[in-house]
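Look for chain A in each of the two complexes below; its partner is chain B in the first and chain C in the second.
Showing the complex of A and B:
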């Protein structure tokens, strides 16, 4: 858009046409106070705090030319009344006088603060927001200091009202700016907040079941300009000024949201430094200024009672505490003894540096990635290229999401893809069931589970949808493992990669393939050379096994059985798990909050995280433990300096070429400017000072020649009479090791349940909420039934990490359980 | 009983008035319909309307909350709405309202213990010259009562109580 030049407080400012006066002032370093305006939301003009004087050049009606004064300057006509800087777009020659130069604007803003305070409780001493409160700050800066209003006429409203179990509302503190409502309506797309009553009686309500039913609810507490909305997690937890801030990356999903952990030393924890809350940290290319509630509330696993604090060794059948030396000596001895018969099993919970060391450690012995989703080798070839930003995509671009329920698997991608669709991007959502993203899709494709490959192949053919995808200027494909196991997802990745190549959507920014992985750094594990295996139980049987950051025994009884027959088991993890219970040696590791490192996101962006709290007990970082173990076995690995390990990676892998820790810590200016002294503008989200990270290059981007494998056509599984097709799916809040320990989320996690179409359930004689007996592949289990009209008949959704070990689509029989009377 | 079961014809007629992409606009007449029987919108009616129009219950609730003529709680069978705006007050409406409160033993906004009358103070009903005046709102419609005195009003309340009991 063309630029417009205007004058704000005697300062010439040039900004793109369409910019609002408040933002133009911001870019010029002039702060206009706001409450209801937020740079990520459409302007509302509700609070009247941003009143300024606005003048525009006087135009001659006959000629349309500006009228000039004696000095030959354009005559400026000021409006008789003050205007809101947040609703007025700039225009050529405009003259703005803010509170810095205009007495009138100062008086207007002063009056607004006085009005807002007529019904505010001023309970700052007990308010969680005190210290980072927009109302507090702007009252000090612009308020009158005294009120002319009658104390008796203050509104008395509910002060401790839980909107749900995660977010609390204080109705007296609310200043009716509607930022939270507008966030839920426009950005989250979940209209579960509203106003009732009007005028001074206007109050926030939520009628959803459960209350405030949104997975983005925590963000409203960040943008609330007062202490009306607070999280159950941080409520009465600490004063903001006591908190230290440590930059980090969320480890819950492959999006890689930039975060800040707030910590303090506290008496309750015997003077230890503890995490008090998690806040988003701005990265406009990854999570903007948002994060989901799983990231915000599920971090408690790092302080769980199950954390391993000391090395353990099996003595007389029992695990006993031992020294690091004893544990490492024994592990090294046994792993050397069975060298030719050993397996290294790792997960995407680990950092790039850990995985690099582990891969060298494994050497020629078997190295396995613990996952049921394939295709990471293909995202290395045709993954998204440097500079990719979903936030830049819109009209003319296309995004295809297949076999992934992004809302549950990667919430922030869901949020940003929805926004891209609203900007005009063609969004194609293909899935075996109805998903929340369907509502925003340009095209929705509903296939029968098992027909994923065919669906992609059809998109290479002739149809309106195929045409739209092919002709798109830029195109991304997000593929996942909704209803798929390793074989199916591997095949789907190949089909998607080929489609992207055929339609010339690779090797350029905003083009390529993205894997919606189950873990934060699965992509990194693939880059380092780890691959999953089709028959993990077989691979573990009778071997000496070194398991790092994975819990196969907890996920699948068959894998537990295989481990029991293993020759020797070394488990390296942060917490006690079912797998660790079977170990001969346990090495306590540190979660990402206690150490530094890097993760590679699903978009193949490498980002640094930093230590947040001191290490728990004697735990050590994974890359160090592996290096120490390796040293005992005669392999020299870097075990103390992460930047050096990263340099090794950069020198050995072309995708990492040119990257180093300094480069990853670089920050360029981002818009909007948030998290500085003016928290009333962007909210309490943190400014990014510690690195935006960098994209890995793809083989396509580097211009390498490569051949893509053809998609293997897996014969779709069709259940016989009396059977159901059971498919594994992912739920946001599950019983996985990194979620289950968050007590706050217990209600949202719920119990294990399979989902069926109401008719299917009806035929089986099971109603919503009833318990049934299911049998598959020789296993049996009792679970609750949930009915879901978005499913096809004859399909049973089995959530992962809920105690039902279904790793591939399978046929299943369901019988009503005997009713307990 | 659901709204659709209770008023199938009316619901269909209302929905037919709006094109599918603007069906949320049907929320106003549907709420009016839902309020017809009980004098307020039940939680289940809210849910039903939200589902039918693809909006959330919160959105329906906030519309009920915004408009003073929609109610989300069971209150009196009759709503006695007294105008106490300036012109009416000049003719004694404010004093009338205060005395009425005393006689009924309730405050403005409250309901008589037997559930007959809810007393409300409202803005202009366009009958300033005949103040003190009020309207009675009930499932049967709206009725104006003008040039009222306390005695006549209390007689009316007694009559409403009786008709309420007969209606049961």
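Showing the complex of A and C:
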């Protein structure tokens, strides 16, 4: 866009046309106070805080040329009234006088603050926003010292009002800026908030059941300029100025949102330093300034009572506390003894450094990645390349989402892809059921579960959708495991990779394949060389097993059975799990909040996280436990310095070439500027000072030659009469080890339930909410039924991590449960 | 030199001594049997005050801790309910500690408090044989309840104690009305 030059407070500023005056001033380092304007939202002009004097060059009506004064300068015509800097775009030759140079603007802003305070409760002492409140800050900076309004005429409204279990509302504090409503409507796409009444009675209401039913609700507390919206999690937790901040990465999903943990030392916690709240940290290429509620509220597992604090060893059938030396000695002895017959099982919960050490440790013995989703080898080949940013995608670009319910699997990707579609990108959503993203799709493809490969193959053919995808300048494919197991997702990845290659959408920025992985660092595990195995139970039977960061026994009784028949089991994890219960030796590890490291996101961005709180008990970081164990077995691994391990990775893997810890900690200036002293502008999201991370290179980007495997076209499973096709799907809030301990989320997690089309449910005589007996593959369980119009008939959705061990599509029979009298 | 002279000198000295002993006011105090009264603005050991109805004035806002130059105060807050109410409004101090070894008795905490809950009293007997004892918890600081039925926490009538900070009425000198000066 063309640039426009204007003068703000006697300063020449050149900004792209279309920029708003308030942003132009910001870029010039001049602060115009705002309440309702937010750089991520469309301007609304509701609060009148940004009043400034604006003058435009006087134009000659006849010629359209600027009128010149005696000195030959363009004559400036000022508007008689103050204007809002947040709704006026800049124009050539414009002259703006903010409160810094204009007495009039200063008086206008002062009046606005006085007005906003007429009904404000001023309960700053008990307000969770106090200390980082825009109204406080701007009142101090621009407000009058006294008010002319009558105290007795203050408007009384509801205080302490829970909008849902997660967010509290104080209606007296609300200044009716509508930032929260506009965020929900425009950015989150979940219009659950609104205004009721008019004038001074105007108040925020939740229009959903359950209240404030959105998975992005926490963000409204960041951008609310006052303490009207606050989280239950942090309610009265501490005053903001008492908190320390540590940069980290969210470990809940493959997006890898940048965030900041706020901590403080507490008497309640026996003088320990504890996490008080989680705040987003700006990374315009990953999560912008947002994060989802799972990341914000589900972190409590790192401080759960189930945390392992000391090494344990099985003695006389019972797990007993032992020293690290005893535990490591025994584990090393047994693993060496069964060297030829041992398996290392890891998961994507671990950091890149842990996985690198583990991979060398496993050496020639079997090393398995614990996952039910395949295709990570292909994302290494044709994954997205350096500089990829969904935020840059728009008109002329295409994004294909297949077999992934992004809303549940990777919320921030959902939000950013939705935004890309709104900017004009062609969004193709292909799935076996209706998904929330459909609403924003240019094309939706509904296939029968099992026809995923065929769907992709059709996109290589001749159709309007295929054409749109092929012709797109840039194209990304997000593939997941909605309704797929390991075999299905592996094939799907191959089909997608081939489609990208054929349509020449690889090796360039904003092109390539993205896996929507179940865990934060699955991509990293694939990069380090770990692969899943088709028959995990078989691979574990009768072996000496070293399980790190995975809970197979908790997920699947068949795997528990296999582990029971293992020769020796060493489990290294952060908390007690069903797998750990079966272990001979348990080594307590630290979660990412207690140590440093790096994760590789689904977009193959490597990002650093930093220690937040001190280690729990005697737990140690995974990479050093593995190094200690290795040393006992004669393998020398780096066990104390993470940067050194990372340098090893960079030297041995071409994708990591040129990266190091310093490079990952680099920050370039981001727009909008948030998290500085001016919290009224961008909200309370933290500024990123600790690294934006860096992309791994893909083989396609490096120009390597490679051959892509052809997709295996398996015959789709079609259930017989009286059976249903059961497919595994992911729910955002589940009963997995990293979510279940968040008490606040209990209501949203709910109980295990299979979803059926109402007609299918009707035929089976099961109404919504009723309990039924299901049996599949020799297993049985009782679950509730939920009906969902968006499903195909004859399909049953089985949520993962809810205690129903369905790891692949399978046929399933449903019977009404015996009525309990 | 006569023999009398030293005796006279001795007598003179005694006269002065007796004058001092018998006619001058006594300034020493027989502490600890006798305790000296303190001046009205004396700043001694803190007290956490209560309202007349027994509810605690402290609302756990931590402003005293923020004002304290020697970081002597530590506050943790929690939520009141009508079933279990400590103070008016939504918030109360679930932990309130002052480290008397750190305190310099400057009174900044008093100034910062929005509810006049923390007040420096007239007790100056602060000695400990153990560093930990120097940390005074809320139980030690809190004023005794006026009567037995006024203990906290207690059950209160619903929707009565909704505000944490007592309502600020217009100050006296404003009441004359039109003479209020507002700088614009």
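As a convention for this text, the second predicted complex is superposed on the first by the 821 of 821 C-alpha atoms of A that agree within 3 Å, B and C clash if a C-alpha of one lies under 4 Å from a C-alpha of the other, contacts with A are read in each partner's own complex, and residues count from 1 in each chain.
Quick note on the criterion: contacts are C-beta pairs under 8 Å (C-beta built on N, C-alpha and C of every residue); 3 or more make two chains touch, one makes a residue touch a chain.
The structure presented is a predicted model; accordingly, all values stated were derived computationally and were not measured.
K.L.:
Evaluate whether chain B and chain C can sit on chain A together after superposition, giving fit or clash.
P.N.:
Overlaying the two structures gives chain B and chain C room side by side.
K.L.:
Could you tell me if A:193 is touching chain B, chain C, both of them or neither one (first, second, both, neither)?
P.N.:
first
K.L.:
So, A:160: does it touch chain B (first), chain C (second), both, or neither?
P.N.:
Only chain C is touched by A:160; chain B is not.
K.L.:
Once chain A of both complexes is superposed, is A:531 in touch with chain B (first), chain C (second), both, or neither?
P.N.:
Neither partner.
K.L.:
Is A:145 touching anything from chain B or chain C once the two structures are fitted on A? First, second, both or neither.
P.N.:
Second partner only.
K.L.:
Which touches a greater number of chain A residues, chain B or chain C?
P.N.:
If we count touched residues of chain A for both partners, the winner is C.
K.L.:
For A:125, using the defined touch cut-off, is the partner it touches chain B, chain C, both, or neither? Pick first, second, both or neither.
P.N.:
The answer is second: A:125 touches chain C but not chain B.
K.L.:
Of the partners chain B and chain C, which touch A:208 in the superposed model: first, second, both, neither?
P.N.:
The first partner, chain B, only.
K.L.:
What does the superposition give for the shortest Cα distance from chain B to chain C, in Å?
P.N.:
Superposed model gives a least chain B-chain C C-alpha distance of 21 Å.
K.L.:
Can you list the residues of chain A that meet both chain B and chain C?
P.N.:
Residues common to the chain A contacts of chain C and of chain B do not exist here, since the sets are disjoint.
K.L.:
Residues of chain A touching chain C in their complex?
P.N.:
Within the complex, chain A contacts chain C at residues 107, 110, 121-123, 125-126, 130, 144-148, 151, 159-160, 235-239, 241-242, 266-268.
K.L.:
Using the touch definition from the top, list the residues of chain C that touch chain A in their complex.
P.N.:
Within the complex, chain C touches chain A at residues 59-63, 65-66, 74, 76-79, 89-91, 94-95, 97, 114-115, 162-165, 167-170, 180, 182-184.
K.L.:
Given the complex with chain B, which residues does chain A contribute to the contact?
P.N.:
Those in contact with chain B are residues 190-198, 205-209.
K.L.:
Okay, in this complex, where on chain B does chain A touch?
P.N.:
Its residues touching chain A are 46, 55-62, 64-66.
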